């Protein structure tokens, strides 16, 4: 609904609701701010929601050269500064979780809480190989081929069995929606994640942190979230069962229950 | 704070807060309504909270003969009728979860949602043997012996390593607090659970249901919650990691985030 | 080393060793009898080993039209009959496991034992989607693209981190080795597996059965082997940790220890 | 069948078979060399088997004062020296695994391989609390009470459901077999394990090592074997499913398949 101008271009953002609490959400790599559309009406009953598109994503500027994730961390800093966000909850899923943990390691002071969903502490060689394959699929600029190459490992077996029609419609949507600029941006995003490694800075995260995993996540399996959980001091790890990588789509009730619930109960101290 | 008189005796209950939503909580076997004390102040910011003690528990009447769990289901029905609770969320942990699922199978119409934590669809022979051991420990009426016989499988390894002093103090508390009437009541409660088997009626539960498990739960391990999840149609299963059977004590932030979050997001339908 | 002529063409097979016991091994879909080469010398110290290539695989005849797996089950029957194998152990991995369980359901009387590794009771929609993607990758007849599209989900994260050079060399090997006839055969094999569903006949398997899974298997995750384990009466399930789908390559010591050990201890009855 | 005299007393041992390979087995804390009786006939077809009772166990000398596990490690050294065992495989389960890893850390040169089943790198506070409870149960010298206090966490739910009669008979056997000297020895064994901590020396183990876990092991859960697996360089971890702490009793076919198979395939190097 609005754009922030930066030296690099425009960053698209949306603000929903006007609660006392603020939730800033960072997208996964194939997503955009519009991916959260189905949930915004319910979310804004409980919190102000800020959505944003990374560079090369959604309605933000598509960039030229290769870059690494520090550029996207800067984008988050720019939005936070521009909107003067303070004491807010930062939620990132997958790629957005990678950016979120990097942001949190350097900017804990402006955060109230951190929520990391279906993400990883670093890009290991298997994940890099998965990314390489996604790039090869994107190079075809063919929605059907791209869908077939990426989606089978993103959704869980249970979701495939239950939502075949939705997935078939999704494949058609991919073909209609994604054009060359989108694929080019997607490839730059994938490449920017290749060097992600937050292992040395995770101990700088001091805010209460909820880590969400899913037992059927093939892209960032639970052992990656277990590593995050061990490295982040004040963290708790919860696993959604019968759920794949896109947990907020597969199990929205459990996912947003955790998000909204943790905004209210995370970091509380109880004397038992 | 108040008592309900029934044909069998008194049922103690407490009401906290006055929100539009209502959460009725059913205790585990070693607990009482006072076990929720540390959390009530925070909980009541988000919902009206109703606590109650089962017969043979806390401030409710201690009964005489042996009985099975239908008597405790009746106690819940009596409280629900007396307080005219409608469209409320029912949360039960462990023994309380067993009663909650039996209540829900027959009384879905008065429920908005159901939350089952660290509980089981039936008492298998290993769980019965654990119960037998608890009875033998209770027969000594010796707090130290009772503590040593029951607690090591209730709390997780992680909790033991982190909270040794609290556990040592807890052992002293057991000796001071628990007297013969308590142990007699405890034994009757254990015996009443021996014949628990809800497997035939779980498919009658129609309200949105959240099932909470814990990866270090030795009493009701995750495979019991997986069975519940398969049998209850409209359910989602979430597992708290590095956590034992008394999940609300070990990981209160994650536990109550799930409870309060599910009260707000459970059962919503989203068109993705 | 030899060929069996059938009405459909030639089936290539090898016999190694001359022990009293016989182990017949069925390949995964990207494998051939030569994949077992590194292990044959050690295996034949303990058992006679019979290897074979399915139609459309290795040195067996490449067929024309589409077919389903019953044709490959016939190939196994032909080899068993021709070599007069009796009271032997049948080991199948992945696709070979699918054929093995179908063979065993109808021919338990000629088997001593069955070993099913990294396989599934049926092709669910997610696995079918993975297969579709493999077909699309094979259509390019480009070894590099085929490697990138298939291998990241076949080997585990631990294997990727430890064997980068081997995997890089493997990618070169794919380009050199695989030509259009191979890709055509591969695609027919994938299509033949699409309709695999042994769920109705697994209860006919009466011989002692060992089921091997791997915790990092993304193609046929552990829950598929758990289903096999529940459906096959006389079975035991063992999971190799830190291991992906190609378990015999990733953890050969554990894999063949299980195979050879089970040939000696499987099905024994002990009075404890 | 024979005794070795030491400065501390007698160590009972048995030798079965005369194969080229040797397997030395160390017992769990409630076991003795006779616990392996049902399996010896089959085992000796494949390897020479050496059994021994620790001090305070079976037919070995019952000692006086408290001691730690170094005394039992000495007992193993004495047996190894007396029988001039070289290049042998050492298998330890539970308590026996603790002794085995301590022995292996200092005596890798005489070992060919090491197998650690259902054991732990150190006695954490929860395990210590379980041990305390066992001591309290042993103090009663009452077989029924001792059985009820210890067995429910030793056998798995699946085993309980399938072997109720065997377990009932076992309870009677406990009452008939165990007398005060046995209970006194058992308590000393438990106390000796309280200070077990091999975490600093596990990196000294250089022989090929197989680690066996069980998914239903409540005494030494899988995360303990995962720690062992990370700390021992040349190790592989395999998990037996639907199995509790006494894995060699619950799943003897899988257990001994792993043992005998690993004696033949462990430590082999294959060029794939």
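In this document, chain identifiers A, B, C and D correspond to the written order of the chains, with residue numbering beginning at 1 in each.
Throughout what follows, contacts are C-beta pairs under 8 Å (C-beta built on N, C-alpha and C of every residue); 3 or more make two chains touch, one makes a residue touch a chain.
Predicted model, so just to flag it, every value in this text is computed and none were measured.
If you take the mean of the Cα atoms for each chain, which one ends up farthest from chain D?
If we average the C-alpha coordinates per chain, A ends up farthest from chain D.
Any idea how many Å lie between the Cα centroids of chain A and chain D?
A distance of 47 Å separates the two centres.
If you average the CA atoms of chain A and of chain B, how many Å lie between those two points?
The computed centroid separation for chain A versus chain B comes out at 35 Å.
Residues of chain B that contact two or more other chains, please.
In chain B, no residue touches two or more other chains.
For this structure, give each pair of chains that are touching.
A-B, A-C, B-D, C-D
Within the complex, which stretch of chain D touches chain C?
My answer: residues 38-39, 42, 45-46, 166, 208, 210, 215, 226, 229, 236-242, 249, 251-254, 256-262, 264-268, 270-272.
Help me check something: in the complex, which residues belonging to chain C touch chain A?
So the residues of chain C touching chain A come out as 124-127, 129-130, 132-133, 136-137, 145, 148-149, 151-153, 155-157, 159-161, 164, 167, 216, 218, 221, 223.
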